[in-house]
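Have a look at these structures, which come just after this line.
You will see two complexes here that share chain A, one where it goes with chain B and one where it goes with chain C.
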Partner chain A sequence: MPLVVRIPGPLRSYTHGAGTVRATGHTLAEVLEDLDRQFPGIRFRFIDEQQRIRPHMRIFVNQDQACQLDHGLRDTDQVHVLCALSGG
Partner chain B sequence: MPLSAAEQARYSRHLLLEQIGNAGQERLRAARVLVVGAGGLGSPAAMYLAAAGIGTLGLLDFDRVELSNLQRQLLFDSSQVGELKATVGRARLLALNPLIEVISHAVELTAANASELISPYDLVVDGSDRLAIRYLVNDSCVIFGKMLVSAAIHRFEGQAMSYVPGKGPCYRCLFPHAADDLVPNCAEAGVLGVLPGVMGTIQATEAIKLLLGIGEPLLGRLLTYDALEMRYREFGFARRTDCAVCGDKPSISRPGQDALSAAPVTALQLRDLLRQAAAEGEAGPLLIDVREPREFSVGHLHNARNIPLGELAQRLPELTGDRAVVFICRSGRRSAAAGSMALRAGMQHAANLEGGMLAWAETIDPQLTVAPG
Partner chain C sequence: MLVTAMAGALWIGTRKGAFVLRSDARRRSWKLAGPQFLGHIVHHIVQDPREPRRLLMAAKTGHLGPTIYWSDNRGRSWQEAKSPPAFRRAAAGEPPRAVARTFWLSPGHPSETGTWYAGTAPAGLFRSKDGGEHWVPVAGFNDHPMRPQWAPGNGTPDGEFLHSILVDPRDAAHLYLGISIGGVFESTDGGADWAPLNEGVAADFLPSADTPFGHDPHCVVLHPARPDRLYQQNHCGLYRLDRPARRWLRIGDAMPRRIGDIGFPVTAHPRDPDTVWVFPMDGSKVWPRTCIGGRPAVYCTRDAGRSWHRLDAGLPRSQAWFTVLRQAMCADQAERAGVYFGTTGGELWASADEGRRWRCLARQLPEIYSVSYAA
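This part shows the complex of A and B:
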């Protein structure tokens, strides 16, 4: 059962405007890989060349911050990707 | 000093609340709050704070009212297009509540003036529209020990959080750094006019709670709001011991000491630099105009080279050498992003023309045509 991933507004051009998408995986890394298969290029917007979460992007599993890509996931978890916003 | 009869009458609904009462209202009267940015967020925040009786309210914005602001910035009206926001905003706030003091700061917040502008206040409400300013405000609040209520918006989404010195994480603990070239702003992406009304009002609520010491502030909690879904969410985050400004060994100990910001250079300073170089027969700084080719073709500085911001990452290798680089754009925003990008890529000396071609045309060469953005 794919789990729910929330995409921040600035990256919804990759998901054809969708704010909620589904992806499969037992770890954050696997989910992001599946996401990239569905929406090519989106993973690189979250993760840099050194496989670190970019400093202006944060990933939360349910309400808690996930700092490592090997973070384990259950089907019922929700992954939220947040992006620093600049507008005022 | 006890509340006057006029204050008793004006704030009577606050006085009925046991969490505020006379003592709380006197506390609000004694408070000093600086609103950074009189835009979509700053408008409702400042109006509610003025109405609530914050004794000293600072309004900081160097911009002028534009017609496109009126879709969301309720501090202004149609007759004020072209006026300085800090000036007409102050008048509006005083009309709303003449019992308070409102100080207008019609200046840009910079690393150089951050101490002077922020130090006199107890709490800062950040409604700025640039990440560079957002980090400058955050770092200044940490360094000077000020409370901060920060919010940001994008299209239909908002984020808000609070910071209290020594009591929780700062904005940089959540997003260690970000550059304006990575994140679109309202002018580029659009924004639902009501959205900053919601988020700015949340900021005013948080500011009042923090000043009174009541309720549960957004400490270590990022509140997000999705207007399309009409859903609020909350995400927990902790203070980072390696935070560059509030961590155990901070690398930022004064405002603007963020290696990712290009040095600002004013139009007058740049003119003098170019004159001096010409007089001494030297090449002077390399002028890189990062606007789009259509804007560049309308008018540009003598000897400037055009590398649009979108191509800069690939073309940075063209800029190696000993010459300092000054990035230029229409208003200084894209060039600041270009400077950050160049510094991140390892360039040693990058500067940014403050106010861009608009500032150059205003102070140096009124004959120069600046293409619309």
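This part shows the complex of A and C:
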């Protein structure tokens, strides 16, 4: 069962405007892989080539921040990709 | 090619998006359009001289990672690269490198349609062979055994930039690049191997300038009409190098003492190898990096740096404290070359007569990072 992934505004150009999409996987890495398969290019904008979450991005699983891509997931989890408060 | 009248466009990369000024054939009337990619940090927009309808743009946002966009209809619509510049995955024990920004774009050799180079921060060199759609690291530079010494990460506050990627029009395998901070480097085998090229260049921020690398070139140009001639605007002066010599000559010594020879850009005349324009900035005391005395001026040499002439007619006479960044000055191809620069204060200035008179084409844009001419 694909789980829910919430997409922030700056990344919705990849999801054709959708703020909520679904993706499959048992870890964050697998879900983001599936997300990128559906929406090519989206992953690199918030995960760098060394598989690190970019400095001004955050990922939450339900209410808890996930800092590693090997974070395990259940079908009922929600993944929130968020833009951190930064800028100017 | 000598062009007496031409319509053209100035592509303007800013901290908050891309803009374009389009001119009539006489370059008298300019119309501003944009923004495109509002809110994106646009470092460079460059036309492909081999396929003039094609443009590449290097961009990111404050949150999102860096990418490349390309257009094949002169910027009316854009597509994102399928694989933007990215370092290879770090091996165990190796420091991981990730592209923070793609800073510089250069078209490849005229014989290599579709080839482009990109320079990044941290310092990395990348190549595309399909017009900017897919990018791969140039391992000969990025994994050179000396690279950790050449570019150790002692960059400026915004990072360590790889820029000024120059392709010898006589030889596709002959390349130059600059790193701030790192120096100028040369490859004669298509990027497989590199060597420093910094003799004669000052490095006041090092214990000794007598070092083969570690210098701070701000901008380097290869003169299209005489490819053996290079000009360099460095953090520590203005230089010329006529190959095959390896020692740079400090032509900034001929600048007026009160002006000095510090700045970011250097722009070559489209045909005359003895003519370049620079925009001096205040590099005294604590390095304000502003117009000297609040009085902006372009300086031009027409004798390869033996003498310099101030060109400020039409520019503000006082209280102007902007900076012109390294990618923010360019020239067009007209018989009487147009010269253009953008400021950190969001103004775009133009001269239709090689710098003799200036007029402001646009104001109140975001901070201008780059200005490039597209025929």
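Simple rule for what comes next: the second predicted complex is superposed on the first by the 84 of 88 C-alpha atoms of A that agree within 3 Å, B and C clash if a C-alpha of one lies under 4 Å from a C-alpha of the other, contacts with A are read in each partner's own complex, and residues count from 1 in each chain.
Everything below uses one rule, namely that a contact is a pair of C-beta atoms (placed from the backbone, for glycine too) under 8 Å apart; a residue touches a chain by one contact, two chains touch by 3 or more.
Keep in mind that this is a model prediction, so the values were computed, not measured.
Visitor: Contacts for A:83 in the overlay, against chain B (first) and chain C (second): which applies, first, second, both or neither?
Guide: both
Visitor: After lining up the shared chain so the two structures overlap, which partner does A:11 touch, if you call chain B first and chain C second: first, second, both or neither?
Guide: In the superposition, A:11 touches chain C alone.
Visitor: Output check: A:46 vs chain B and chain C. Expected answer is one of first, second, both, neither. What do you get?
Guide: In the superposed model, A:46 contacts chain C only, not chain B.
Visitor: Quick check on the superposed pair: does A:68 touch chain B, chain C, both, or neither? Answer first, second, both or neither.
Guide: In the superposition, A:68 contacts neither chain B nor chain C.
Visitor: Counting only touches as set out at the top, which of chain B and chain C does A:19 meet: first, second, both, neither?
Guide: Only chain B; A:19 stays clear of chain C.
Visitor: Going by the contact definition given at the top, which residues of chain A touch chain B in one complex and chain C in the other?
Guide: Looking at chain A, the two contact sets intersect at 10, 56, 83-84, 86-88.
Visitor: What residues of chain C sit close enough to touch chain A in their complex?
Guide: Touching chain A: residues 61-65, 67, 80, 82, 84, 86-90, 96-99 of chain C.
Visitor: Of all residues in chain A, which touch chain C in the complex?
Guide: 10-11, 40-41, 44-46, 48-52, 54, 56-57, 83-84, 86-88
Visitor: Note which residues of chain A are touching chain B in the complex, please.
Guide: These residues of chain A touch chain B: 8-10, 19, 55-56, 58, 60, 63-65, 80, 82-88.
Visitor: In the complex, go through chain B and note every residue touching chain A.
Guide: 37, 39-42, 126-131, 134, 151-159, 174-180, 182-186, 189, 191, 196, 222, 224, 226, 228-229, 233-238
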